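Have a look at this one.
Chain lettering (A, B and C) follows the sequence in which the chains are written, and residue indices restart at 1 in each chain.
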Amino acid sequence: MNRRHVLAIAKKEWLHIIRDPISIFLLMIGPVLMLIIISYAMATDVENVPVMVYDQDGSPESDELVKRLDRHNVLDVITHVDSTAEVEDKLKRREARVAVLIEEGFADQLSSIAGLQSLYTDGPRVSFIIDGTDPISAETAMETALQVSEAYMTERLNVMLDEQSEAGADETLIEVFREQLTTPITLEIDNRYNPDLKAIWDLVPAMIAVALMLPGMSISTTIAREHSQGTLESLVATPVDKEAILLGKALPYVLISLINVILMYIVARVIFGVPFRGNLALYLALSALYAFATLAVGLLFSILIRNVEAALWASMMFFLFPGMFLSGMFFPVEIFPFVIKIETLELPATSGVVINRGMFLQGVSARVLWWNILLLLIIAVEGFEIAVRLFKKRIA
Amino acid sequence: MLSRILNIARKDLLHLWHNRLLLVMVIFGAACELLLVGLATGAEVDDLKMAVLDHDDSLTSQQLIDALDATSTLNLDDDAVDVFDEHNSRDAALDDMFTGGFFGSDPVLLVEIPDGFEDSLKAGKQPTIKLTVNGASSVSAREARRAAEDVIYTFGAVQTSERLAAELGLPAPTAAQVKQELDAVQPDITVRFNEELDRAAYTTPSEAAFVLYIIALMVAAFMLAREREYGTFEQLLVMPMRPIEIILGKAVPAMLIGYANFILVLILMNVVFDIAVRGSLLLLLILAMGYLFVELGRGFLVAMVSRTQNQALLIIMLMAFIDITFSGYAVPVESMPDIMQVLSNFFPIRHWMIILRGILQKDVGLGVLWPQLAWLTALGLVINAATLWFFRRTLGEQR
Amino acid sequence: MIHINQLERIFRSRLRRRSVTAVQDLTLSIEPGELFGLVGPDGAGKTTTLRMLAGILKPTSGEATVNGHDIVKEAEAIKQELGYMAQQFGLYPDLTVDENLNFICDVFDVVGDAREQRIQELLDFTNLHDFRQRRARQLSGGMQKKLALTAALVHRPKLLLLDEPTTGVDPVARREFWDILTELHASGSTVIVSTPYMDEAERCNRVGLMYNGRLMVCDTPGAVKRMLPGAVLALRADNLAAAERVLKDMQQVIDVQPYGDVLSVIVTDHGDSAAIEARLSEAGVQVESLRPAPPRLEEAFIYFVRQYAANNHRPIEEVRA
């Protein structure tokens, strides 16, 4: 391979990119913009799930429970209703996604030994209805509702037991109840790498990998474009090697990818406050490798499909959806069925997500990431090699 | 007018017909994606790897470990804790354990049971269990933590009631009694509409919404951008046709393709993922048509501002990510910052998502969905008016 | 320089329902220093032939060597010594003239001082000096063609393949272009040029007439014209359509070809003009003039095509033999 040829092609491609103002803008700013908007929108974990209250008890205790639910970040009490029909209606209209139903006698259960005993036979006179159409936020809402009401009831019952004990009730009985209300095992929880388990901390690094697929998608039409423009015929009639053409086409995009990485790194650190615990030089090197891998796949598409439109569709179907849903950005890869795990192997984004999270949150070394690095190397080298093999310097 | 519209439509369909690869992708691509993503994400977050350091090594600690392992969420990995023999520092051992797994298969959770756990528990002295969570992927971390907390809490409660029964000289409590005790301060929770909290029931309708969305947007944008890129657009403009006729003519094939995809996806959802349409299918199909018009308008708008198909793709990519964010798919819109919530109303897909889910899962009708319909109509009018305006302007430039 | 033996290229349509034979049974030799014209209408197989010679299209069967290199096995070696100018503008429209030429120089390893010197020389030659900073897209059709030719010449190729270099170019620019080609020819370059225009073919030292994928005739323009049997009479009359109808049926008329307001009548012998005039006036056609004319390449070409069609597509030589 002739170095001058590679540079000549690279220079020409670079000129194409910068001569097209929309493309250069989208390629340079697009990934960063994507990172900011999406991460900002998702910066919040599940919060302010709208809650309605149907309080038939109307006691200070029921009021206090509602207040405590409202005070929690996850839930947001927005309205009080007066009938089960209204509950039903508001759930369907999505005006509220959680309903708190407090029956008459709720306060009584919390203010006497007899009431406490009725808890054991009948359960509490409070219940929840949750809209399950979005299971992820529903689970969080459910968990919170349980936690808050349990904590409140336990607290209230303990106060009641104290009062009863002072009033001279049977000490043994009170002691038994008290023990039953105490947590028998305490937990000490250490959220390693992400102390508050903030979704944004693992979303942003993953998003960087996914956003970096834009250059790969963009290059997937490069041959198709020369073909439709009529320049391919002249290009293949020159003595330039196939390797030089493909490598030269990839280089400007690698440069753009690296500029993107640096911009996104700054955004991640400064705007989103995500820690970076790895080695920056290693990170840049791995980012370049990742860029090469996505570009190799993009080039392969470009050689297989000589029609701009079809190439765009194919790259969209390969990069966009799997990149978002199968890369591990939203859903952990380990839960996928085996076949799909295999499918994710050929997706550079999967390894990209692991590497980015590893570098940002876990501060890992190259040795730890060897498996993903190897995978990217294979994709980059094999993708490129197959692309070269399939690329015929002929026109039909 | 109609014949001219159909004439343009036929030309675009012919173009597709002559490009079989494109045809196959345009029609079956979306269905393949739905299958792939539905199968992948429909699975529960299950079988997360758990490592256990049991310093107590008692019958009770063993029982607790078995209980944790018995959950569907957690799966004991016996070898994971070997790293503690290889490293001197706890930190190094944890890093080793929590990183470098294939397919992200690192343990998600380390449970440490303290020495003397059984004795303190029996004495009612509140032993402390240490949970270390791998926060590199917050989704699985949260899932694992929740499951472990659940099991440990229940396990403790059972131990307590057994101990109390023994102290009071009562017979050991039955399982039913223990459950009753546990439920004493636990409110009942009913889940509606997706009773099993099944993720596939959530992701696949969302996917179906995306399918209609992306197909409409891409077909429309590429179809017009292609003409602009190859200069045939000029030819189109000098023909004796009104802009609206050209736009409508281009809309017909895109509608056909979008519709074919949508129906394919509905069938797939029903057959493969067992998600039936609970509401009125007719209403769904009619509203889908309306939504298609809105997104087609946006697609044409994209084509009008881009000179090549590549530019159109880049713009669509950017739009798609933003649209999907505001659709409420990954994070409920209610949880977003206020300004984002207001903004989300201007994204047609948000309303379409509500309509689709409403009809599909809640069996609601227009009585409930009218605000979404109103938003879509308003957005559709504005977007399509803008498209026509752009089109006329381009027309003026070219003539 | 070039030896072609029984070259054939069949294009199968993607749906495999039908196939088109673009070039068949092509046997031809071209010597160094020739200015060879490949002449024929659209779809005759000229482009396919040139593409095969440039090593960018595989023949279906047959073989050919260019500079002693096989066009299939040693395609890359051919490209090294070749200046190829495609029918479609092959340079990058969003790059300037300079950027395009520098790119091509890089590709052909024309480097250092030699590069600037060569570019200067070629721009002088093609009169593109004032447009060096202009984007290729903004050049006129003729200038684009000249730029493409310049690009094809930067590495002083031993062989130039030009595919319809003057199609879509105004007459003045065409003339200029051919002056450049003639100069190249004079300086010893081997040039193969395809063209649908007969006036251009006249300027070649040898022409090959292609039709329907076959080479019908191949010789010097003079010899080709001489292959036209009989003699040519130029007829001016008031009703050419009626004259054509009448003359076609006459025994001594070989062919009748309309050219604007003149009818070329190919007859077995000059002396038949009297009989023709008589036949025309008998049919009520007013003859303005009827006089012998030198045969033109175009007349020969059209005559050959008609013969060829009438003889079930057998090459002219075969029929004559």
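Throughout what follows, a contact is a pair of C-beta atoms (placed from the backbone, for glycine too) under 8 Å apart; a residue touches a chain by one contact, two chains touch by 3 or more.
Because the structure is predicted, anything quoted here is derived from the model rather than measured.
Path length between chain B and chain C in the touching-chain graph (shortest route): 2. A count of contacting C-beta pairs for A-B and for A-C identifies A-B as the more extensively joined pair. With each centre defined as the average position of its C-alpha atoms, the distance from chain A to chain C rounds to 63 Å. One simple way to say how far apart two chains are is to compare their mean CA positions; for chain A and chain B this gives 10 Å.
Under the contact definition stated at the top, the residues of chain A that touch 2 or more other chains are 20.
Chain contacts: chain B has no residue touching two or more partner chains. Chain C makes touch with chain A in their complex at residues 11, 51, 54-58, 75-76, 79-80, 82, 84-86, 88-95, 99, 102-104, 106-109, 111, 148, 151.
Chain B contributes residues 19, 21-22, 25-26, 29, 32-33, 36-37, 39-41, 43-49, 94-96, 98-100, 102-105, 121, 124, 126-142, 145-146, 149, 152-153, 155-157, 159-161, 164, 168, 180-181, 183-199, 201-202, 210, 214, 218, 222, 226, 229-230, 305-311, 313-318, 320-322, 324-326, 328, 330-332, 334-337, 340, 354, 357-358, 361-362, 364, 368 to its touches with chain A in the complex. Those residues of chain A that touch chain B in the shared complex are 20, 22-23, 26-27, 30, 33-34, 37-38, 40-50, 76, 91-94, 97, 119-121, 123-124, 126-139, 142-143, 145-146, 149-150, 153-154, 157, 172, 176, 179-195, 197-199, 201-203, 214, 217-218, 221, 225, 228, 305, 307-310, 312-317, 320-322, 324-326, 328, 330-337, 339-341, 343-344, 354, 357-358, 361-364, 368-371.
Taken in their complex, chain A has these residues touching chain C: 2, 4-5, 7-8, 11-12, 15-16, 19-20, 229-231, 233-240, 393-396.
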